[in-house]
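For reference, the structures are reproduced in the following blocks.
Next, two complexes with chain A in common: one pairs it with chain B, the other with chain C.
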Partner chain A sequence: MLDILMIEDEPNIAEAVRFILTREGWQVALHGDGLGGIEAIRSGKPRLVILDVMLPHRSGTEILAELRNDHDAGLAATPVLMLTARGQATLHLPQADAVLAKPFANDELRAMVRRMLN
Partner chain B sequence: MKQRGGSRILTGTRIRERRLALSRRQADVARAAGISAAYLNLIEHNRRPVGDHLVVRLAAALEVSAAELAEGREESLIAALREAAVRLPDDVAAEVEQAPELLARFPGWASALIATARRADALERQLVTLSDRMTQDPYLLTTLHEVLSAVTSVRSTASILAEGGEIPPDWRARFQANLDEDSLRLSSTAQALVAYLDSFDTQGAIFTPQEEVEAWLAAGAPPIEEAEDLASDAARALAQGHLRRMEQERAALPDDALAAAAEDPDPMRMADRLRLPLDLVMRRLAVLKPAGFESAGLLVCDGSGALTLRRPAPGFPLPRPGDACAIWPLFQALASPQTAIAKRVEAPSGRRFRTLSLATRHQPLGVDGPVLTRAQMLILPEEPGVPTRPDLLIGPACRICPRADCAARREPSILATA
Partner chain C sequence: MPFEALVAGCLAYVALMFGVAFAADRAASQGRVRWLDHPVVYTLSLSVYCSAWTFYGAVGYASRSGLEFATIYLGPTVVFTGAWWGLRRLVRVARMHHVTSIADLISARFGKSNRLAAFVTLIAVIAATPYVALQLQSVSLSFEVFATDSLTDIPLAGGGGTALWVAAGLALFTILFGTRNLAADERHHGVVTAIALEAVVKLLAFLALGVFVVWGLADGPADMLGRIASRAQDQGWILKPDRWTALLIVSGAAIVALPRMFQVLVVEAADEDRLGTAGWAFPAYLFAMSLFVLPIAVMGQQLLPADANPDLYVLTLPAQSGQNWLAFLVFLGGFSAATSMVVVCTIALATMISNHWLVPLWLGLRRKPQGDDPEDLRGFVLNARRVAILSVMAVGWLYYQATGGTTTLASMGLVAFTGMAQVLPAMIGGLLWRGANRNGAYAGVGCGFLLWLAMIFLPSVGIGSPPPLPAGVDPLAFAIFLSLTVNMLAFIALSIFGMPDPVERLQGLSFVSAVDPIRHSRLARGADQAEPLLVMARRVWGAEDALRFFRSEAAFQGKSGYLPDLTPRFLTRLERRLAGSIGAATAHAMIDSVAGGAELTVSDLMEVADEAQRAKEETQRLENATAELARTARQLREANDKLTALSVQKDAFLGQISHELRTPMTSVRAFSDILRTPDLSEADRDRFAKIIYDEAGRLTRLLDDLLDLSVLESGQAQLSITPANLHDLIERALSAASATRPERVFRVDREPLDEYVAVITDADRLLQVLINVIGNARKYCDAEPPVLTIRVRRNLRGGAQIDIIDNGSGIEAGRQALIFEKFARLNDPARAGGAGLGLAICREIMANLGGEITYLPGQGGAAFRIVLPRRPPVPVDAAHRLRA
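The block that comes next holds the complex of A and B.
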């Protein structure tokens, strides 16, 4: 089963995050666009979604709203960690389980993912 | 007529002040202008009117431009002085009624005061513009997002390399390449950002043709070919159109007639008495600013609600073009064409204004053409301390308005909200 699906359009950030989390033993898949993001979640059924807010074609907040309204109650309850470049103080994301502001420390990312997966 | 007589008196005083400043005798100046010394004496003591041709001859004799002795310029400068006085803090009491004397006796100081007040206006507009840019400018937001993305990538990747542990050679090579790529992206984006921020100063915070025309109008609508504010062809074309309309409307309602009618503070009664359309009277009041209407401002919008002209009244909160407060009575008028709407409004600063709004409909292409609607709102500042209750609490635009509980709010404010 897929542990983590990361939806992030910046390939270098996505590669770094995937390396960091893979080294911790988790299985990580990447999706690089807002378009098709919800389908990637439905097909991958990850235990955790890491979702960037600013994505091309479809924003992370739109994808999150659609996920929470999914008819599959199990899928709709998937934990979501939002990545934002706007800072946690200015962004109100009540549907997210956690928010991590860019730039972040690798230790901070690992600790947050560990807490959410456990 | 009263206003015209008042202006001529000022012209006489100005002639006398100018002659004395040059240490010239009345007889010498009179001879140069082709009139008798006795007649010049009467003019200087405001006992005889001065015709336009004589103003030109006297101006030449006194080595000053005719415009400086002319009626229109004098009135506009007096209006500008009164506007400057209205902008002063409440605890500073200027002798507003003596503005004509100040202008006649100390034209240099009067000009300095007007220039300072206009500079303050320009700085206020610039502040709002910069605030808008910082919060909504798509280029700035995109660039800052780009910087943050590159920084995030550099930080995570550099930490991976610094943390040690086993890193396969191909991954190590990829991370090093990513670092190189991101550092290049970061430096070029930062340079672009600095250049863009630098342009805020050099552009003087005027960005659209409409803003250029508004700055030109605020500067007293100097000749278009000499106007520094009119930088673009589009702005010059707009300004030409404004001048044409202002001339047509001045012909329909001359200065003297308006100044005499303005003794009545109610523009609707004024329009009735003059047998002229109310919208014309409102526009002319905002341009001429006769006694009693020195601080009048005017907003005009088209049927879509887009503001097409903004002549600000001192203290009235105006955002950048393209933005507005939905509570302004101007927009209520759009819903009730041909019906004048009088409302007292209060700005977030506590300043209160009387407003009169009217929308009119036109079919410039005839009955088969589209029906166009135009609304305008005359804004008249109320004296501080007048015990009136406002009908509406207004603001500039949601992003820079502190009214947290406003029913018309469409987006959060960047200001600390009450």
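The block that comes next holds the complex of A and C.
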């Protein structure tokens, strides 16, 4: 089973996060666009979704809202970690389980993901 | 119920009405009019519209023709809700001119012609007298139903006896409270208050009966609706569009044009603000009155014998069910409806008859011994009214006796409605159209009247018959449409082809603009002092009132004593006040007879024209001031909107900057941390170091762009202006831009000869724009093979334009306006690589250089046009330096 699905359009950030989390032993998949994000979650059924707020074509908040309204209750309850580069002012995302502001410390990311997966 | 008890109950009720009227009149004479003037009292008095016809007849109407009865309520509702503006206007103009009746209004508008007023009075009398008879009939019918003893056995009650007693009582009431005074603002507080009380009784009685029928006789609303539905099916109620339209028009007209309605709606109104409350409250009253009509009609048909008169279901239903008290209450309601209608109608008709028939006749006969005539005109007018009241009542009773009562209550009401509707076109036209004139009014009202007489009135009293019509055409609807159409056409045609006389012109201006041209041009000729006018006014108002008016006018002019100068203002006001007592036409004629010279001269006409002009200019000035205010308010609003938008933009911009800065920083920070991992492969280490290097470069570029943009936007950019050649600049831009996606090989389509254009500009800045635009084409052009077209053209002012067009898919229409905004990066950010500030910077550079950059839609691909002036504009501070 897939541990983590990451939806992030910045290839460098995506690579960094994947590198960090793969080394912890988790299996990480990547989707690089807002478009098709929700389908990627449905087909991958990850234990955790890491979701960027600012995505091309379809924003992270829209994808999150759609996920929470999914008719599959188990899928709708998937834990979601949001990444935002909009600064502290936009950290208020009530539907997300956790929010991490960019830039973040790698330890911070690791600890947060570990907590959410357990 | 025994006859004596019934009579006693009635008498007690009548005594109550007398008492209320008396108390209200006394309160008014002591100046305590506040509660009398309350909008609710006014609204209730309007319910005089619901006469015995609506009280008894609506149920009869509904049992004969189903839903059609509703038109009688809907017409006024539509007028009150849809034309409240027109009603306000009507009341305002009528109050301004002290109008005493609808005949007076028409006459005042069309040059104060008494003949026209007399004619309208004639129509009103012919239309309304049978209607009065109808009310008397309804009262005596209801007596018959109610009294258990046979009426013929009782002295003075048999035959038309009841009606005679009722008529006599009503005449007494009307004379007592309708002709108490002859004040200029003729209002009847006592009568209006009594009517308001009767309106409440009417409503309560009808609602009580309705509740009894729905919950007492039927099993609640659901059962009732079922019965109505099955009845509707049995009888096949059909909505006939022609009849509905005609009846809506006619009942809408009636609410304004019927003499009694004009009396309560306009003459008794203190001011037009009353209509604010009445505008919703009166339709609500009508709705309440109409709510139970169908239930009562249907229950009546089901429970009562087939030969029972549907017009009396209202009474027979509770009486048959043994509900004597309810029946008595309903009887009082019907009695209220009939009596209030008769009283108001009689007052209105008597005012018209005395003002437009009797007084002019008397004045005409008395013309010879003029001036210091000792005769008291006031006494004559009051007596004329009393005689008129008695006559109307007597004729109504005689009519009832002669015809023996009509078979249905509804038909006679409709006859009156349609008759008075003929006055409406002239009235509305007179209020809205300055070109309307007297001949038009005569022609319209006359034609309408004759058609009404022939097609509706005479057949209704059994003389002649309506013309034969093809099957399927409803005779009533046809007559209504035909008479009103001919009426309007005649009115409009003669108004267009005729010329209004000067007085008409003046009145037309005043009516249509609803402004009071107070300094109007009545000039006193032949009289050099106010004495004879005072003598005359005394005859109308009585010594005390006349003296009070003259003294206040003198005081207004700054004179002591009681004789003001004969200024146009004074004469206008005097005439208006007199008109309030004896009608506009008579007042006009009387002042003429004293002040001399009935005809207006050319110089008067000039003054009329001046007055019109002044009024127009004044209106114009006010309109301008209003427009000015509106403009200022709009500017403020726009400025505020702009500031708000700017603030929103600023927030969005800061958010964007944050995002653009944090994104590369995230990579830098994450990979720096990763680099410290001990067991990293050499290849990974190199790759991650390169990412850090690239992202740091991206950060630097972003900061450079931001700085550049802020310098350009603030206008602080240092430009080094030199002569330059566009060909050279394009060459350099192409070679510099080829670093962007070098794998894409573009075919560049140029016309080099055209490019040798010398311009004076900041060459580096222009180069920056060209590189940016060409670089964008290289980044985004998705065509294969990619082609870039560059065209240079001189423009007329000595400047140049450079079009740069690629053959890609271009920019969709919705986004073309956005691309020059900051951070308007489109499509895939990874492919663009920049922060989305490039075109925003280009736009600022071109603005600094005195030119512009725009997107050219419809060129097949992305297309930009750069326009350059021959030389950049001289900055303001530089210009200062030059002058110094």
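Throughout what follows, the second predicted complex is superposed on the first by the 114 of 118 C-alpha atoms of A that agree within 3 Å, B and C clash if a C-alpha of one lies under 4 Å from a C-alpha of the other, contacts with A are read in each partner's own complex, and residues count from 1 in each chain.
FYI, a residue touches a chain if its C-beta (ideal position, glycine included) is under 8 Å from a C-beta of that chain, and two chains touch if they have at least 3 such contacts.
Keep in mind the model is a prediction, meaning the values are calculated, not measured.
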item	value
First, second, both or neither for A:Val17, with chain B first and chain C second	both
Partner with the higher number of touched chain A residues, chain C or chain B	C
Touching partner for A:Pro56 - first (chain B), second (chain C), both, neither	second
Touched partner set for A:Asn106, first chain B, second chain C, both or neither	both
Shared contact residues on chain A - chain B and chain C	10, 12-13, 15-17, 19-20, 23, 54, 85, 102-106
Sites on chain A touched by chain B in the complex	10, 12-13, 15-17, 19-20, 23, 54, 85, 102-106, 109
Residues of chain B touching chain A in the complex	144-145, 148-149, 151-157, 159-160, 163, 165, 171, 174-175, 178, 181-182
Chain C residues touching chain A - in the complex, by the definition given at the top	655, 658-659, 662-663, 665-671, 673-674, 677, 691, 694-695, 827-830
Residue ranges of chain A touching chain C (in the complex, touch as defined)	9-13, 15-17, 19-20, 23, 54, 56, 85-87, 89-90, 101-106
